Structure formats: C-alpha cells, structure tokens
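Written below as structure tokens is the structure these notes are about.
Which chain is which? They are A, B, C, D, E and F, in the order written, and residues in each are numbered from 1.
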C-alpha cells in the first residue's frame, strides 16, 4: 500500500472514531459561550465557526451565545465617550448601552455571515427578539451601574421554534426589563441561563485560560475534572478568585439545573470544541454532575 | 340613552365596520415599508407599530421592512467620517457599511422592542440571516459606489418559517453577495423584492409625501388611483421624476409580479395604515392591477 | 385637519383601543348563552351575530348556546297542543319534545345562516351530535315533568374538533339519556356545562335584565361586580330569587370549575357583548374568581 | 362436529367472504341517499343505520343524504297549511319552507341518534352549515314554485373536515342562495352533487322500486346492469319516465363526474346495502362507468 | 322470499352481529401467538392468516408472533446435525442456533407472503430488527443449554412505528444479548413479553389442546374461564403440569401487566380466532383480569 | 506544540474537511450494493458496516442491498443438493430457492445485528415484505432456469415509510410474482431497481475488481470516470464483457432514470465507501450523468 493510500485510510479512521460521539450527542442541544481571543483572532474565529457548523451538520443542535468585549470599548472611544467604572464594573449609561447594542448587533451578524458561508442556516437574535431574555436591574454592592441586567426569565420557546425550523441560533446578550428598556447582560450569565432553560446536554465556555487552577500561579495545578460539589468546596475554601469565580458559580448552577456537563475550554487552541467533543483529549476543566464520567470512551 | 352610552355604541359601530376588512385580509401577507417622518416622530412611530401589531392580532401576516435614513448619516458623522456622494448617491465604502449595518441593527431591535411591548412576538433580522437577501454589486452610471447591492434572490422560505412560528418579522435591508460580503440595499427595493417573493396581498410604502402628483407643484393634481399601465404611461410621458420615479417603478414591478395592490401612503398622517386598510378613506395613491377596484366596500 | 379626517382618526383610535383586549383573549374560548329579547328583535339579533363573528375573526373561539323560548310555545300552540305546567315548569311530554326539538333546530340553522352571511364558517349542532350532551332525567320536587334532562356529561372532544377545523359551533340544548332518548335541557345549564367542559375563559349570558340587584325593585341596587363567595352569600341571605337564582348558581358553579369570568349582560343593549369585551364600559353584573379584577385595563 | 359448531363455522365463513370487499372499499367515500319506505318502516330504518354504521366501522367513509318526504306533508297539514302544486311539484312558499326545514332537521337528528346508539360518531348538518350547499332558484317550466333550489356549488371541504375528524356526516338537503335565503333541494340531486364533489367511490339510492325496468309494467324487464351510455340511450329512446327519469339522469351525471358506480337499490329489502356491498347478490340496477364490471368477485 | 334471498339475509345478519365486536376492538392491539398444528396443516394455516388479516382490515392492530417448531428439527437433521437435550430442553449450540434462525426466517417470510396475498401490508421481523428483543442467557436448573435467551427488554417503539405505518408485524422469536449475540427465545414467552410491552388488549395462544383442564385425563374438566388468581391457585395446588405450566404462568403474568384478556385457543378448530372474537362461542380457556366478564355480549 | 497535540489537530482537520461532503449529501438517499469479498472478510465486513452507519448518523439515508453468493452454494451442498447450471446460470428449482431464501435471511439479520451494535436502528427485509419487489419469471435464452425473477415493480413507499421512521433498511433480493410465489433476484439488479424507484442520489457497488477497464488484462487501462453515453459506446464497441457487462448496463440504466452518480468500487479496499464520499480520492469507476463532475471539491 502506497503512502497516499495510507494517508486516506488514516482519514477514514478519524471519521470512524467520531462515530460513537456523533451518536451520543444526536439531537442534543449544546450551548457554546463564544468569547475571548477566539473572537478576535481571525483564524481562530473561522475555526470556531467551522466546529459549530460541523456539530450542526452531524445532527447536534448548537446555540451560540457571544459577547462583544473589546470591540465595545473600541467603539465607545470612537464616538468620543468615556468609560466609567464602579467596583471594576463598567457603568452602562443610556449612551453606552446604545453603542454596546450596536456593536453586539454587528458582531452577531458577522457570525451569522460566517455560518451561512459554510452552508448552514443561521439566525442572529438578541434577547429582545421574542422577548427571549427578561431582566431585572442589577446593582453592584448596592451602587447603580446603569443598564446592566440580571436575567429573570428565558423564553425558551423562541429557541425551540428556531431549532425546529433548522436554524442555528446566534444570541447576543441584550435583554429587556418589565418596562421594555434595554439592558446589557454578562455573556457568561446569558449562556448559562439559556443552557438551563433549554435543558442543554452540554455548555462550553471558550475562554482565554487553560482551565481552573487550584493555584493560578502554578500551571501544574490545572484541574481537569471537577464534580459540582468539589467545585463548590474549592470556592468555599477560597481557592477561586477573579473572573473565574462567577464563571465557576455559573457552571455549578448549570449542572444543578439539568445540564450534564460544562466545559471551560481554552479558546486559543485551534478546534478546541471539536477536540473536546470528538476525541478523548481532555482540554481545560470539565465540571460534571454526579453520574457523569470524564471520558465518554476509553482512556 | 345617555351621552356616555351613545359614545360606547359608536365605538362598537367602528369595530363592526371593520368586520369585512378583517375577513378580507385574513391570513394574507402585508409588507409595510416603514420609513420617513414616521420613523423619526416618536408619536407617529408608536402609531405605526400599533397599526402593524393590530393587523397581526386580527389575523393578517404583516412583515415590516425598514431603512435607517438620517440616523445613518448622524452616526457616520459621530464617528468622524465624512460622507461622499456620486450622482447624488452615497458612496458606501467598507467603514460606512460597518456603521450603516450597526445603525440599521439598532433601529431594527428598537422596532422589535416596541412590538414586543404590545404583546406580539417579533423577530428582527437582516438579509444576512438565513441568507434572506442575496445581491449583486450595483453601479451608478457605471461608477463604483461601494457596497451598494441589487437584490438578485430572496430566500422566502426564511420568512414563511418565521410567519409559521407566529413571529412578526422586521427586516433591515442588508444583504450578501456571492462572496458573502455585506451590502447596503435600498429599503424600497428590499420591500418590493420581499413582497414579490412572498406573494404579498398588499405592499404599503410609508412616505413623506401625500402621494403621486401629475404636477408636483400643484397639490390639486394628486392621483388617488392608478392602474399599472397608467403608471407606466405617466413615467413614459415624463410626469414622474425625483425620488418618486424608482418608487413608482417598484410599485409597477410588484403589481406585475403578483402583489394585488400597492399603496403610497402619507406616513405623516396618524394611523394612515389602519385608515387605509379598515376604512374607505382614500389615502395617498393606490396602484392596482387590472382586476382590483379602488374601494373594497361602498363609496 | 378637516372634520372628515378627524372622524377617521377617531375610528382608528377605537381600533387601537381594542388592541389589548384582542391580545388578551387570543385563542381563548368564550361561551355565549344567547337568549331573551336579543333573540326576538331582528336588529338585536343581527348585532349579536355581528359581535360573535367579530370575536371569531379577531382570533377568539366563541361557542354559541341558544334556547328557543317563546318560539317553542308559539309552535306548540300552532300544532294544536296545550301546554301543561308543574311548579311553573313546562311538562315536556313526547309530543312537546318533538315540537321543541324542531323549533330549536330551526332557530339553530337560522343562526348558522346569519353567521355564514358574514363570511364565517358556522356549524349548528344539538347535544345529540357526537353525543355531545348526555343527560339524566330531571324531576321537579319529585314530580315527573317529562323529557327534561340534567346534564351529566359533556363530550368536549366534539367541540374541540370543530374549533380545530375553524368552525363557530352553535349548540341547541337537546341531549340524550343512556337509552338514547331525547331530552330538553335548560339553555343556561347547557351553556354553563359546556363552558366548564371546554374550560372557557369567559361565559356570557345575554338576558333581559340589567344584572343582579340586591333589591330587584330598586334599580339603584344593581351590583356590577361580585366575587363567587359574595354571590353565594347573597343567595344564602335570601337576596336572590326567581329566575336569577338558578342563573347565579350556574355562574358560581362555572367560576368554581375553571371559567375565569361570567357575565350577566343586558341583551337589550345593542352590541352589549362587544362593549363588555372591548371597552371598560361595565355592563350588567360580572361574577369573578378570586384573582380577577373587574376591569382589564384602566378606569 | 356438532350442529352448533357447524353454525359457528358458517358464521366465520361469512366474515371471511367479506374480506375482499372490505379491502376494496377501505377509506373510500360512499354516499347513501336514504329515502322511501326504508325511512318509514322502523325495522328497515334500524337496518339501514346498522348497515351504514358497519361500513363506517370496517373502514369505509359513508355519508348519508336523506329527505323528509311524507313527514313534511304530515306536518304541513298539522299546522293547518294547504299544499299547492304546479306541474306535480310542491310549491314551497316561505311558510312551507319553514315547516320543511323543521321536519328535515328533526329527521336528521333522529338519524344521528340511531347512529350514536351504535357507538359511532355522527353529526347531522344541513346544506347551510359551513355553506355546504349553495343554490340558484329553480323554476318549473318557467313557473315560480317558490323556495326550491338547484345546487350550483358544494363546499366539499366541510365534509372532508368532518370525515377527517371521524364523523359520519348526515346531510339534509336544505341550501342557501346568494342572498342567504333558505331553499329546499331534491334529496336525489343533493346526494348526486355531493357524491360528485367529494369524488365518492360509490353512490347508492335506497328507493321503493326494484330497479330500472325497460317496461315498468313487466317485472321481467328489470335491468341489473347498465353502462352510462346505455342508460342515456334508454332515455333517448323513451323507455324511462316518471320519477325514474331525473334519478337516472343523476346517475349518469355522477358516473360522468368521477363516481365509479351508482346503485338504485330496493330499500324494502332488509340490509340491501350490505348485501350489495359484501356479496355478489345483484340487487336493483347498477350504473357503471366503462371500466367497471358488475361483480367485484366471482359469479 | 325465496331460499336464495334468505341465505343472503342470513349472511347480512352475521355481519350485523359482528358490529359490537368490531367496535369494541377498534384500534386495539391483539397479539396472536401462532404455533402448533395450525402452522403445519395448510388449510388451517390459510384460515389463521385469513382471520388475522380480517382483524387488521376491520380496524384492529394484530401482531403475529410465531415459532418454528418441528420445521427446525427437520432442518437440523437435514444438515446432518444431531439434537442434544438437557432436562428435555434442546441444547442450542452455535450451529443449531444458525439453523434455527434460518428456519424461523423462512417461516416468517412465508407468513408475510400469505398476508400480502390477501392484500394487507405485512412486515416480517425478528427480535434483532431495531433490537426489538434483548435477552439474557437462560439456564436450565443451572445447566448451560446454549443460546437460549430470556427476554429482559422489549423495544416497543419499533412495533408502534410499524403499526403507525399500517404494517401487520410478524415477529419470530430471536433476540440478542448485551454482546449482540443471537439467541433463540421460547415463542410463548416472546408473545407474552410483546403483549405486555405494547399493552395489548388481548393475547391469544393457538395451541394443540382444547384449553386448561383441571384433570388433563378427563375432558369434562375443561375450564372455560379463569380469573388470574384462580389460575394461580390451580398452579399452587398442583393441578397444572407439563407444557401448560409455563404457558399459564405467562398468561397470569400478561394479565397482571395490563393485558385485559388472554386466550388459550384450540388452533385445530378452523377460524378459532374469528369465532373467539366475533361470537359468543366460548373456545378454549379465557384468563381474565378481575373486571372482565367472559362474554362481551349476551349469553 | 507537542506531538500529541499536533496529532489531535490533524484529527480535527479531517473532520473539518468532511464538512462540505456532509452538507452535500444531507438527507440524500444512497443505495449500497454490498457483495463480494467485503461480505466474506470479517474485517472488511465490519468496516463496510461502520461506513454505512456513519453515513446514517451524519444525516444521509443509506439503504443496503445485499446478495448471499458463496454462502448459498455452501448451504446447497450442506443439505445434500446438487447445483445445476444452464448457460452458466444457476437453475433455481423450488428446493434451491428455499435454501437460498434461508441463507439470504440469515445474512440479512447478521447485517442488522452489526448495524444495531453500532447503535443505529436497522431493519432487515426481503422483497416480500410489503410486497417491495414484484417480479416476472426470467428466462435465459428462452430456457427455464426456475425461480429467477426479473423486477417489474418496486413498492418504494415501503422504503420511504421505513426511512421516515429512521430505520436503516437492509434488503435481500427475493421477490414475488403475481401468484405470490418466491423468486431469487440478482442483487445488482435489485440495487439498481431500488435506486431508481427511490430516486437515490448515489448508487455504489462494492465489487471485487478495481473498476472498469478498457482492456481487462491491462491494469493501466482502468477508467476512473465515464459519462453514461461513453459507457454505452464502450459496450457497443465490445470493450466490456463478462460480469461487468450487465453491471455496467445497470449503471447506465440507473443514471438515465434519475440517479446522479453510480460507483463501481473496489470493496477490498478498507473503508472504500467513506473514502469515495468524504475525500477526493478517486476509487474505481464513476459513471456520471451529463451535468455532474468527477470530483465534488478541489483537485
């Protein structure tokens, strides 16, 4: 057998190895929180979209939830506004909210464009469409930080209807309060609330870290697997801080509300999503409920 | 019978008079091109949304197509860019396109918000979602005016799917070419192409004029009813000029492609849409196909 | 703005005011007990049918239940039979039952005709069709009053199937016992049992009185709103008598079995049904469950 | 094998013989014009209903169309009216029409009752329900004979909807003209028009004669099978007269409009319908299209 | 009335008498265990298939479960293998299993052929198709008897899907264990497990005996009706032995798991199935739950 | 990046490359004629089943058609029968047909078993089930060769119903004539007839040769792509002989009846099916219609 043929057979082998994973997640909903470097680096961006599109095509039902991050700051500056912060949180006054919503909308349609380009039906919505995300005003230690919302209700029927019509929904985290005013929502919170509401099988966070560390300063303390109760214990004992704290609380929350598995993935690794789903390569940190085991097959 | 009661009976009478109209348009698609003053004046805006929402609730299937108009110019300025024009047409370079798409997105979600506030399920999409609007690059007398697109295909299935799921679709006129690049589209053109693609019963343009005049300088020459061939004759004979020319050509085009009736309405009149549909009050100019008569009932 | 235009705008305003009510009752079932003067006066009759047809067209699901009243007596006389009464109740022997059924059938098809004339799909059935109404023989203080039935079972599936096929069902109160013999049923009872069985949102009685009075001889004691328990108290304390007593008991019964609101309307007021549903004009007496408030909006 | 067992085996044999017929008419629509003695004799009536109910239960889709015949005359007399005739046709003035409709309604519900008693879902409608039968006024040799209608349109969707909901529709021949006035219709005409509109497989007339005779005075000339063109020839050559003439014309008409087979059965023979459908016993006269043969199986 | 006609009327009478039975079992699932002489005698075989096909055509949902019995032994010999037995049970080694599966498959398709010949859609499956029957290895008093399986799971969805597509499923009792190896299953056990899983209304065993006897040597002790608890008592008291013991245990088991009635029929009586279902002729032994009575109607 | 990681990324790359192919064949029917060495070698067999199962899981709708080949001969010998041949064709007398059907049934269920083991719903049927394959007797140069059938009708509804219920149908080539007698069918013919009847996108033959040669003795003359008309020309000019002749005629026939592409694959190459569908590696000979090009993407 010549070298070329061997190469082809190797390819066939990879596809065959994907079989049990494809089977396992058939018609399951997977919520992907898309953010960080993977949203900025053009090559990584293209790869994330390829990954999600492939998931859709082989029978899964992915939903993308994305933020706008640095792009919002860039535009706030561009229109000559100045950022204000309280407790390290951006104060979102009406003008800032307007810019943020515009930027999130722009990012949203760009993702739609990339998915459509791969031949899959995408639809970009915000939490206003169909009143998907209803919020209450959020305060930071009692201080008014403007139009920042806390989700109190997810109208899951909207997403089910779009999935039924074979759309890949791409959601940006903007919501409305009872007076139908616009609020910005933390994208991690939105992804988590949506995963709970649609009873997702899996929730994956694309981040800029390798995962959860017991000691953030020591790369060797990366934790590759955590039960929900272990995660809670880590928090209680003070090992977790910074941006990881609310993220991990979200993960625990999701697990306790019916999501079977949450992943904190390193979005800087190309195709980290595919690798996580189709191989036994453990990437980042997996938070599991009590009955799940870390690896689906082998190892 | 006291005065109060009489007032109530009068109200009942109005509702009863709406009966035959409600019946006639039951489950019919009505495309509303929303633009002009009715998009700027807050009171008029609220009234247009009330009108469209009512149409939805009593059994019609409205689709809103909107532009962004002056708001785009305002934001182009705000971010420190300068507008360029060729033959009176805005040159849409990549940066302008980016701002235009953001502004259209903002307007789009604002309309969603207003409809949702009235308790109706709305979804705001652009021509990128589900690849609804596919375009070719448009030239102005052979000159490159940037990312301005001419619609070559409308993916009507997207709108039918959303209507089936009981959404009121609100569409902003942005599309993609074969290389999936973003283009701005004239909102009148988009409304017309969509009306044709979904085989709408009716297409209504909310404008800032009273209708079509034989002599624009003489208000007495307002034409309240035009057959398609009469309209064509008016154009050939040079009576129609300015912004009205392409609009009227769009109307003729729509009529000849299956839309039964097109209306050029004066969007500055409160509830002009309701008045046109539910009463015999002739507003603006109606372009009809050969078998339609101006008034549905009476007069 | 000229006077004509103002008039049109007023019309638009009425339609707009109907918006929240149309929304509130969308796809809700409303049972209308149709009887009294509104069945005899040709103008009132036409108006009731217009009202119900409008309800159907704007998305509600009305069901009409009607009696035959004076028309039965007229025909019993016409064929040379004599009416017998026990305790003020008509004794319905076999011959009387035959005439009653024929008259009710005639009235039933006449209503169908009026609804069809307004372009809405109606179907006239009796409680025999699909065995909709199953009865036990009813006695009056232990005395045999013939073929007068007490409903023991409503086959709601029949009505759901007809509603699903977009019919407006018009029901006359005739039923069958276990031996499939024909019985007359009190139309108020039939309307109430049907409202319960289909879990109607609203049940409205068109009557020949203004509503419930604390003192029937004093028009000033008209009660415009009653909670179920208040109604029961009124009965216990002896304020309610005559034909109102069983009617009010029916209302309480309906409320306690899932109907949210029952109305005793004065059928002699033109369009009383529309006024009650689309405006805040309080007509007659509303019996409410504990969580409902008298006026849906404002006032 | 004892005598009892033999008897049981004979029974099994009859059921087995029905197999190919049951198969042949599975889900086919069979319109039965029910009239004549079979409507008066209580035993025959019960048997017709048993037959039709059995057809329904084994998978056919029967529709009954019935007249009121002698019962109408009886009630016209009962209420003290006098019958008038022109050319042997009853003049149906408004009062007569009212009585006729009442009597037809009574008969209709009585049939519903009998079918329901056998456990099958029946619904009794007239041509007014869902505007099933639309008519033009009919004249007799140019003379006004009152409210007698000629069918110009059958709204077959009504019947398809009821069949889909598993009802056995029982239709009485009353219709409406363009002004929604009530008309009496010849039941044979109604059955024929309905059979055409729903594209029935079979149309059966229950009559009081044995079938079509070449010479009505000579029982030996009974014709058991007729092609449509033969029937037409018989008419042209003057063999057919009296009430048989319009009936036979109806039959030819039905055959030429897609019904495969029409039967003129002797309704005085018990279970004539079952015998015709489930055995090779030739009853009455069969009018066939060109491709059908008289006996389905054997003989 | 001549003799011929009387004969026809008698036929009609038989069909009419079937009415209440047809009604009672409409859309009900009936599992028929087909075996014994009725599988060998060509005439009886044809009659069983006619019976089941008729049940299908008149609206029941039969499922046939069959064995292969003597045919398996014949082929085992034909290919030169020798039968081994432990405790009177055939030892099913791999080669025997291979032959058994082939023979069962042949018998299965032959039955399909016979049903198709009568114009009904049949599909022949084994317990491998759709993994319908999952088994554990069965031991006989602790001894290994080879590939003999005990059903641990029935995938009823397979049968519901085939019934929904209007197939008559014909099942041969072969299953797979957790390692997807092939096992033979006792056909009585398979029929019983399937009847439980699909919640059949009725389960009928075609056997070569007349029914259950209190004293097998005394034909007069045939029991025509047994409650489940009576059957259990008979077993406890030692009246039941031989092949009847597991069969009766299966019957009790089925009754206790939702099947309303189990019949042990004498398959040597022609059309025993039809007689049992359509007449009051009591054949063999009926095992009933506590609320059923032996005869559906009369007697 | 370490070696391990690179390996994983390579895997991801393979999956990503499959994207456009998965998309192209989404919900398309692919008929696979399974035969030759790939049916005998256990490893190849497992790989074919993996390939087909993967196709099913990623959204295609495969149908397997298989023969029994050498296994039939083996069993004919085993039961002591002697093979007879006319013109090189096996004479299929009744006894041979019985054995052939049994062997095909055994092979059929074995394939079901392998597919089920991979977690996909399979159903094994012959052409008797649902009367899928109806045949006429086939003669070889006028000589009687027994129960060998030529397909005259494929009941495609059976396959559509099974696909709709998410089964992977596995078909063995046995059919029935008008007298419902059993016939053997050439598996290539059956695959071709089925592909035509279900309007398959693709038909693939797994064979024991590398493809079509211009000169079978010269491996360098392997033809990798053929238009239908070219294939016909090759036949006319006498280049094609032996078993390839009918196979190629089948291919042309399929192409001319709506199948877009037929492949003659070398079943001895592991995963030849996957390689053909998911990569640009040209395997064997592709017969194309006029509008198709050999490679879907690139090269």
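Everything below uses one rule, namely that contacts are C-beta pairs under 8 Å (C-beta built on N, C-alpha and C of every residue); 3 or more make two chains touch, one makes a residue touch a chain.
Just so we're on the same page, UniProt names per chain: A, B, C, D, E, F = Acetylglutamate kinase.
Model, not experiment: these values are computed from the prediction.
> Compute the shortest path length in steps from chain B to chain D over the network of touching chains.
Minimal hop count between chain B and chain D: 2.
> Starting at chain A, how many touch steps does it take at minimum to reach chain D?
Between chain A and chain D, the shortest chain-hopping route counts 3.
> Which chain's mean C-alpha position is the greatest distance from chain F's?
The chain farthest from chain F, judged by C-alpha centres, is C.
> Which angle of rotation, from 0 to 180°, maps the CA atoms of chain B onto the equivalent atoms of chain F, to the nearest 5?
120
> Please work out the Cα centroid separation of chain B and chain C, and write it as a whole number of Å.
44
> Rounded to a whole Å, what is the gap between the Cα centroids of chain A and chain B?
So the centre of chain A lies 37 Å away from the centre of chain B.
> Just the number, please: Cα centre separation of chain B and chain E in whole Å.
The computed centroid separation for chain B versus chain E comes out at 68 Å.
> Would you identify the shape of the chain contact graph, picking one of line, ring, star, complete or other?
Contact map by chain: ring.
> Quick one: in the complex, what on chain C touches chain D?
75, 78-80, 98, 101-103, 105-106, 108-109, 112-114, 116-117, 121-126, 128-131, 158, 161-162, 164-165, 167, 174, 176, 180, 182
> Can you list the chain E residues touching chain D in their complex?
Going through chain E, the ones touching chain D are 4-5, 8-20, 22-23, 26, 47, 50-51, 53-54, 57-59, 118-120, 269-271, 274-275, 278-279, 281.
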